[in-house]
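What follows is subunit A paired twice: with subunit B in the first complex and subunit C in the second.
For the complex of A and B:
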């Protein structure tokens, strides 16, 4: 978890498979017994809330993707017309390519960064809490505030970055104002903003690595790098895998950064799939087309989530 | 016990959900309308004035209750409110939006209700045009109609050795002034908006002033018309200002808020905008030296035209006929009458002027004819707290221009395509204006063709 990711569940511990009452030895209960009825009654509020605020909007969105509507008059069924219009839009390809570019750059830049930082932080003995606090601080800054702050960092004229780089004779760079560097600029900010949570998770996992392994390696004369490569990384494999999937799912939905930083520009260089959905729905009033693209995105994210759930289960059981 | 607690939870949830949908209770026979446009609590004189208007209106219209809302049109919440049946009966939208809302049939024609007003036929046709559909039906009432002009920083003009009472009248003069400001003060001489569809919107202004157009009718269908000499000249001028003169500053991805914020901070010499942006600069972005605000007519290069602007009030199509009738009564009372009746205008201005933070007397286009506007201007003169002489060039120069509305079909989609063109010119030194316009023409024609299906 880093670029574009601000929350991630803690990896399930070994006890996750042994939830009381759900194991093989749990007493069998009737579906229609008094306990089941009580459970159902307690579940109703949650079911209603999920139904009204989650499931029904999802169903409605799916229906709208096959309709033409202005949200006032009765909607008309248009079959696959919205999907046809979607695939005829030259911006769809641009948005998909940009989203994949963001995902790729986030993997390249944003994914290793928290891992490296966590490994470094785990070796710090003095004032460790302060460093952890500093690393986590960006996560508590509201995203839009952070982005506006970075907008000033990136200002090609009076921005912080060009000012600092100018001191060593570099730049000035256009950052957000150039189609070549705009996406990288978004990824850098996104990595900074989302890294804290991942660092804490990695740190927690590193603490769980048995210290005997390091001691044995040290006695064998292993260097720090060898210890990290042969002990830390293999031990963190389940956590790394989980965070990787979480990051993929989150970065594919990147919206706030391009929306606030660049509005999708320059020259559509930062137009992402979610921003395109936003434009269809709220600038063009093409709700059907927006729903159709949302539906396609949901399928892709659903597949990724299925992989995530499967991986969680197997890694938890491991 | 568990069962009881669960049932209690369900009951609480059910009543909460029921509460979400229940309207505010009112006396039987009373029509309640919720209206956008109520000033926020931070604008105390404006809010007090609004409340007084509501009280006066309710006194004169006993069967109607008005509930003010500080929210303004936001495409996100508007769609959600429409879908949920919760949209206000009167919405306040910027003039870039009505044509899209009309085309999507999301707002209600009000011609029948408006024509019942004694002075309806005296409305300035130019201010109703952007609120009308091709058949001539009118959909709303403007609050403060404007024509786009050239806003400039009088201080920077003085520092650069330019005459602050003589803003540039042609684009050649703008280019020269921008370079002088940039060279002498280090600030951006001229800034053009470029994102969130506002690049395309401002390019439309440039096109009109160069004698060009964005769309034209061909065999009963609208097609892109911008791939022609006027827009090419306009974009070439922008490109030269950006890359040859280096007079447009460094940060180029700006929308209106970015530009006004930077202007209020004294960072920008000139931009295309309305007198209404004075309020934003002063009241939203805290411009301290408001005396530096100056505005002239939109500079020209053979087009002799400007684009209209400002805020307007519309009624969503979902509103019932009785509420729509009440909404129109409110609109005429609150926004049309004060622009027609000098006594009402004076009384409103007096209330607003009580707070020095307010902006009273910002000039607008005449909502009716010029003679009526003179009476209004005279009535509010004692309460004016803006430097009217700094608006004088706009007031004197604008009547000579033809006021043109936004492109008639799919304006926002066209603007989105043109955003890309403006961004390319401003961020890519090697951008080819001809290639950009040719591609944009193809893209826009595809969108216009899709809209016809």
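For the complex of A and C:
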């Protein structure tokens, strides 16, 4: 900002000459747009930060995926070698399958829950704040703390969950220690941690449902359940679609849960794509291979984001 | 009216059904919202032997509040929390500066090339930073920023959604004000600091909220960029402490790590919930 302080006064002269636009409903460009240099000065922080830490890494990631690079020698072009090595890795298939499993389970377990909660919460008139506070509370717990906490709950021998289930004669379950249940355990925690945000978004959308619709339906004798099914849910369809995409984009990048919970185990049952990228890059030093896999992931996420942004635009325009 | 009308709500059958569903939901929310936090505090005060032999006890028979002091001293929790504060504070400042200056330039100054810059900024929303993490790391190495907090602060500023929020908000400010200020002889800098910023408190609050929440919760990038254990933020430090620290101390450490965000949320609850509503879709 200090740079702006010094250079900003300069354009005051020329720009002031543009004031005739005043009074008419002139576009703002006629007032201040004359001096592109001022605007450029104000854009410096964004240009530097986006240029160095976003645009360049994106381009460079693309380049590196076709290069052999370590931190000492200059990078050399290797064509598709990184992709060949990537596809030769038997863990790639495992990681993709696991990531899809996480995405699918998170949809199955985690997607309907916030919607149901939001509909119930929208009927609460007194002390609605308490409900909102409680539902959002898990979201503010830092992810690593939350995961370590659940890891303790999942402990097969002395954990809370097996203890509670034992009271009703269930278990004991191995949770994170078995390849069969590890992924479900991750999804349960991740659903708990992420649900609050979705509930608040649904709640905001439910408030926006026109009340005439409910009144008309009630006059026609529609039951509460019919109203939920035929009015609330269809009205929420755009938001539901957006949250679905947002969840897909987020869950495909799952990393912290498998990293902290299981390290990708047992028997690679929770090895996800991002965790594999992390291993390639920061454990094996195979930056090219990591970039190649990132490139593939980026294509999928980019497509999803494009759909998401289109949907947001048409939704906010509607 | 909303889903259920007031008249309807007075009917005994509807009322009973509604009350019981709401009651069950409240019980469920208490269980999943407060339950884990309560268990953390309980676990933090329990001796290690209790954690193993009596996981279901609601309160330790022999509570040990001194666990907190032990964890604070042995595991260096205060030090790591301070690191997190630095990470969060710097990220917040960088994000605010970038969003405000860029939003101001693109919305108020409107240079002809502005749309291309805006387009290029928005385009980054298609590529989450996790997929360019490898090359971001190499860039950070080239710049010699590894183990410096700048390696977290600066990339955090490259967050397109902040710029979008700022620009949209500035777009809605009345242009007559800018013209009037200009007539009164304000230069561009004064236009920003005296006219635009004082009117933009709500959006500054929302960007600040998102910035603080994101950087407090971020894990993967600090894990990559800060290799010096002395400089790690609390979340990264906890993940490695979890392997070696005694269970009761670790739980006490976790309780101390989650206390600040939970307390902040408790105090600013209304604003936070409203702020999230403001941003619409992005949490």
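Quick note on the criterion: the second predicted complex is superposed on the first by the 281 of 318 C-alpha atoms of A that agree within 3 Å, B and C clash if a C-alpha of one lies under 4 Å from a C-alpha of the other, contacts with A are read in each partner's own complex, and residues count from 1 in each chain.
Keep this in mind: contacts are C-beta pairs under 8 Å (C-beta built on N, C-alpha and C of every residue); 3 or more make two chains touch, one makes a residue touch a chain.
Since the structure is predicted, the reported quantities are computational estimates derived from the model, not experimental observations.
Enquirer: So, A:71: does it touch subunit B (first), subunit C (second), both, or neither?
Expert: both
Enquirer: Once chain A of both complexes is superposed, is A:309 in touch with subunit B (first), subunit C (second), both, or neither?
Expert: second
Enquirer: Looking at subunit A, does subunit C or subunit B touch more of its residues?
Expert: The larger set of subunit A residues in touch belongs to C.
Enquirer: With both complexes superposed on chain A, which partner does A:54 reach: first (subunit B), second (subunit C), both or neither?
Expert: Once the two structures are laid over each other on A, A:54 reaches subunit C alone.
Enquirer: Touch check for A:88: first (subunit B), second (subunit C), both, or neither?
Expert: Only subunit B is touched by A:88; subunit C is not.
Enquirer: Contacts for A:173 in the overlay, against subunit B (first) and subunit C (second): which applies, first, second, both or neither?
Expert: Once the two structures are laid over each other on A, A:173 reaches no partner at all.
Enquirer: Based on the superposed arrangement, let me know which partner A:266 touches: subunit B (first), subunit C (second), both, or neither?
Expert: In the superposition, A:266 touches subunit B alone.
Enquirer: Is A:44 in contact with subunit B, with subunit C, with both, or with neither (first, second, both, neither)?
Expert: After superposing on A, A:44 lies in contact with both subunit B and subunit C.
Enquirer: Could you tell me if A:282 is touching subunit B, subunit C, both of them or neither one (first, second, both, neither)?
Expert: both
Enquirer: Once the two structures are fitted together, what part of subunit A is touched by subunit B and by subunit C alike?
Expert: 38, 42, 44-45, 49, 52, 71, 155, 157-158, 281-282, 287
Enquirer: Applying the document's contact rule, which stretches of subunit A touch subunit B when the two form their complex?
Expert: It is residues 37-38, 41-42, 44-45, 48-49, 52, 70-73, 85, 88, 90, 155-158, 172, 174, 176-179, 261-268, 279, 281-285, 287 of subunit A that touch subunit B.
Enquirer: Tell me, which parts of subunit A touch subunit C in their complex?
Expert: 1, 4-5, 8-9, 11-12, 15-16, 19, 21-22, 28-29, 31-33, 36, 38-40, 42-47, 49-50, 52-58, 60-61, 64, 69, 71, 117, 119-124, 129-146, 148-153, 155, 157-160, 163-164, 167, 192, 197-198, 200-201, 204, 206-207, 209, 211, 214-215, 218, 224, 227-228, 232, 239, 242-243, 246, 249, 253, 255-256, 259-260, 274, 277-278, 281-282, 287, 290-291, 294-295, 297-298, 301-302, 305-306, 309, 312, 316
Enquirer: Which residues, counting only subunit B, touch subunit A once they are in their complex?
Expert: Counting only subunit B, the residues touching subunit A are 2-3, 5-7, 9-10, 13-14, 17, 75-76, 79, 82-83, 100-101, 104-106, 194-197, 249-253, 255, 316-318, 410, 412-413, 416, 419-420, 423-424, 426-428, 443, 446, 450.
Enquirer: So in the complex, which bits of subunit C are touching subunit A?
Expert: Listed in rising order, the residues of subunit C that touch subunit A are 1-5, 8, 14, 18, 21-22, 25-26, 29-30, 32-34, 36-37, 39-40, 43, 51-53, 55-56, 94, 97-98, 101-102, 104-106, 108-114, 117, 120-121, 124-139, 141, 143, 154-155, 157-158, 160, 163, 175, 178-179, 182-183, 185, 187-189, 192, 213, 216-217, 219-220, 224, 234-236, 238-239, 242, 247, 250-251, 254, 257-258, 261-262, 264-266, 269-270, 272-273, 276-277, 280-283.
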